[in-house]
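Pasting the structures here.
Look at the two complexes coming up: chain A is in both, with chain B in one and chain C in the other.
Let's turn to the complex of A and B:
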């Protein structure tokens, strides 16, 4: 009951998804649409599960007055305010929900990612030491691509953008393609193991 | 007025996050927690209006599509994960998600990532660029081939493959850096232009 039924569900759903690809006619084509819709619904419940877990974690922190509980107030306040405005006035343009998104969520998201520019710079300072031929190739490719994409690269040497494009089109494509084929073969074998019930780690313990 | 307040709030939060460059501090922590809370709320409401209502709420409770009781019950079962004693019930919806993802990825990855990429690599070896492309893919695959020890001819192929991979990683790294720098420029443009009106 605890393990057999989930394994059967995985097997049936997995096989249906494979079969519908090769036989895109009824009833399999219809099953794909149905399963896809169910998947979206269950995924929202999974999101809700994460949300409830987040609330429980920070509510406990707040109740026990753990270190930094004030930040939990901020988190829960932001969460409640966003959900309240969305539920009361909807999520369209010009609503308070949209105002929160444009003036709080979007700028903070962009800044968080922009912050990574500094950490990437410090990481590259360590990674870009030409200690051996591999590190040198990494360094040269990265510098050419970076310089080739900005106006100063063109000013330094007008061939740099062309070389950057060539690196992106040929050696980079070759490397990326090898990685993609490797990932695909790994995914296929792992998916088969999951569908056939050989791989069961997603079920957890017990 | 409301627009101006919004810009000031966005500028304050942007500076709070940039303050992390000095060190971890209460301003950054404040912005970080607010970001998590607002993002969670945003995705919850977005999913409610764009996924749950059109796919479950209206069809099930207004149009009485009773088949949708199945994903609804599976969704409720997913929430039981919060209760340790009956948490195992959440394996059923999880099994559905895992099964569907596995089946879908099995065929799509095989089609788009393996077969299409292999097909795109089969090109006439009539110029140096195509030769580089073919050698790069084949030797790159040798690098990922662990069934034979990387010695002699296999070792040489894997070595060349690793060099191609390094160029690919370097190019990707450079590309990522440029994307992040673009975002950084965008944030400075906002601070100096929209907020301080210096631009």
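Let's turn to the complex of A and C:
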């Protein structure tokens, strides 16, 4: 029963979600949004579960003075401070919660995002080494596209932006669409396996 | 005379809005002459006209979403011109909900054909027919990666993307997790799995626990190794990077739905010398994984992973059906391209979905 009930629910919900796409009238019309709302409600409760897991793990780490316990102090301190300020003074502009969000959380997120530029440079350096014909083609295409997208490319040769656009519009788009068709069919096939209960590994079964 | 011309050329048509849930009427009107102000009037059977909305010369249609199904309504467009006030002939309409979205007929046919093909080959596989499936290097390397991490005495790290359990890619990632966890259990290795969503954490804990039971090593399963970090995208990336730098995993699996954090994770994993296998159906992130990881499961390979790893004939049958679907689309693309080259866009028109 532990397996069968989730499989039955998956089957019914899967079929209903497919059917509602083709039937615009009620009660089918609002089903997609209704199910999404239900999911959000469940997810909110699950968030508490995640929070409890996080607190328990780091509290244990702190109590046992495990390696890296200092990070747990920062995490728990940050968690308590954010929840306390939000609960006591609200989350509007000018509140301590907002201060924490704007001056700590946002800059830290932006810093992580900014790291991407350096990671792209290091990854590109490895990818663009002309080890074989494929890598050489990649290198040449990348140089043309990069130069074609900056003003100096146009100064060097005014045809470079046009070639770069052609590469992006035709070979690149064609490749992307081929992958997307494969993904779409893979999604249909996988969904069907899940709906029919053929694929049940995610429930903990073979 | 001019007024008569204006009245005769002023027209309004009302129709039940197609492919909707009811409660809606679409009005189309034309007035090929200038006017000072205009209004749409509406009345129910046996009642007086009431003003609904003002129209300007650039308006050609209006959708009335305030109607009741099954009630007959009359609409009229009334214009004030320099010659006087003129009104169109009333147009009547009854709104009703539709049972089928006609704009999605092609989609329904495609879904039925593709699903039919998949079910046909699943049935064939049930009958015991052997099916060939090409080798996928990334999946062949799963055991090797776990083995290597074990040899190095390092843990295996698994990241199932940053989306929730309602994302199909997350579910596909968790199916691969089971195989990885089982192998890790057989090798008595530990698996670390930070998650970005609580529901993914609970599903993953259950999956890994079952895998350790299956491998006969429930004693070494540690639920604390599958833990929630944060829902925040870059907070999660920072947390995972920190774990990578501190724990130095021997193998890293990046299987699921990823966005801008993909390269941040993959490059950090590369920097700690881990063997990395990635799988995603996000076309924009695939180049990053191809560049930074040792193996990448590209789109459909990622979804095929569970069938490939389990060798279950029923699942393999679905892959065969999927391949036939691909062949069908390929044929449509070739025929459509040739026809479009000669100016016939029939295939494109048929495949348009509203």
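To be clear about the criterion, the second predicted complex is superposed on the first by the 201 of 206 C-alpha atoms of A that agree within 3 Å, B and C clash if a C-alpha of one lies under 4 Å from a C-alpha of the other, contacts with A are read in each partner's own complex, and residues count from 1 in each chain.
Rule of thumb we're sticking to: a contact is a pair of C-beta atoms (placed from the backbone, for glycine too) under 8 Å apart; a residue touches a chain by one contact, two chains touch by 3 or more.
No experiment lies behind these values; they were computed from the predicted model shown.
Q: Report for A:126: first if it touches chain B alone, second if chain C alone, otherwise both or neither.
A: Only chain C is touched by A:126; chain B is not.
Q: If you stack the two complexes on chain A, which partner ends up touching A:59: first (chain B), second (chain C), both, or neither?
A: neither
Q: A:174 contacts which: chain B (first), chain C (second), both, neither?
A: After superposing on A, A:174 lies in contact with chain B but is clear of chain C.
Q: Looking at A:74, would you say it contacts chain B, chain C, both, or neither? Reply first, second, both or neither.
A: A:74 sits against chain B, while chain C stays out of touch.
Q: Using the touch definition from the top, say if A:87 reaches chain B (first), chain C (second), both or neither.
A: It touches chain B, and chain C stays clear.
Q: When the two structures are overlaid on chain A, which partner does A:26 contact: first (chain B), second (chain C), both, or neither?
A: So A:26 only meets chain C here.
Q: Classify the contacts of A:192 with the two partner chains as first (chain B alone), second (chain C alone), both, or neither.
A: A:192 sits against chain B and chain C alike.
Q: Quick check on the superposed pair: does A:156 touch chain B, chain C, both, or neither? Answer first, second, both or neither.
A: The answer is neither, since A:156 touches no partner chain.
Q: Both chain B and chain C touch chain A; at which residues?
A: 18, 21-22, 39, 42-43, 46-51, 53-54, 68, 71, 105, 108-110, 112-113, 115-116, 120, 124, 127, 176, 179-183, 185, 187-188, 190-192, 194, 202-204, 206
Q: Write out the stretch or stretches of chain A touching chain B in their complex.
A: 2-3, 5-7, 9-18, 21-22, 34-54, 56, 68, 71-72, 74-83, 86-87, 90-91, 97, 99-105, 107-118, 120-121, 124, 127, 133-135, 137-146, 149-150, 166-185, 187-188, 190-192, 194-195, 202-204, 206
Q: Show me the residue ranges of chain A that touch chain C in the complex, using the header's touch definition.
A: Chain A residues touching chain C: 18, 21-26, 29, 39, 42-43, 46-51, 53-54, 57, 60, 67-68, 71, 105, 108-110, 112-113, 115-116, 119-120, 122-124, 126-127, 176, 179-183, 185-194, 198-199, 201-206.
Q: Give the list of chain B residues in touch with chain A in this complex.
A: Per the stated touch rule, the residues are 2, 6-7, 9-10, 13-14, 17-18, 20-21, 29-49, 51-52, 55-56, 67-68, 70-72, 74-76, 78-79, 81-82, 88, 90-100, 102-110, 112-114, 117-118, 120-121, 129, 132-137, 139-141, 143-144, 161-178, 180-181, 183-184, 186-187, 190.
Q: If we count contacts the way the header does, which residues on chain C are in touch with chain A in the complex?
A: Its residues touching chain A are 19-22, 97-101, 104, 107-108, 111, 114-115, 118-119, 122, 164, 166, 168, 171-172, 174-175, 178, 195, 197-199, 201-203, 206-207, 209-210, 214, 224, 227-229, 231-235, 237-238, 242, 246, 260-261, 263-264, 266-267, 281, 283, 286, 288, 290-292, 298-304, 306-307, 310, 312, 314-315, 318-319, 321-322, 325-326, 329.
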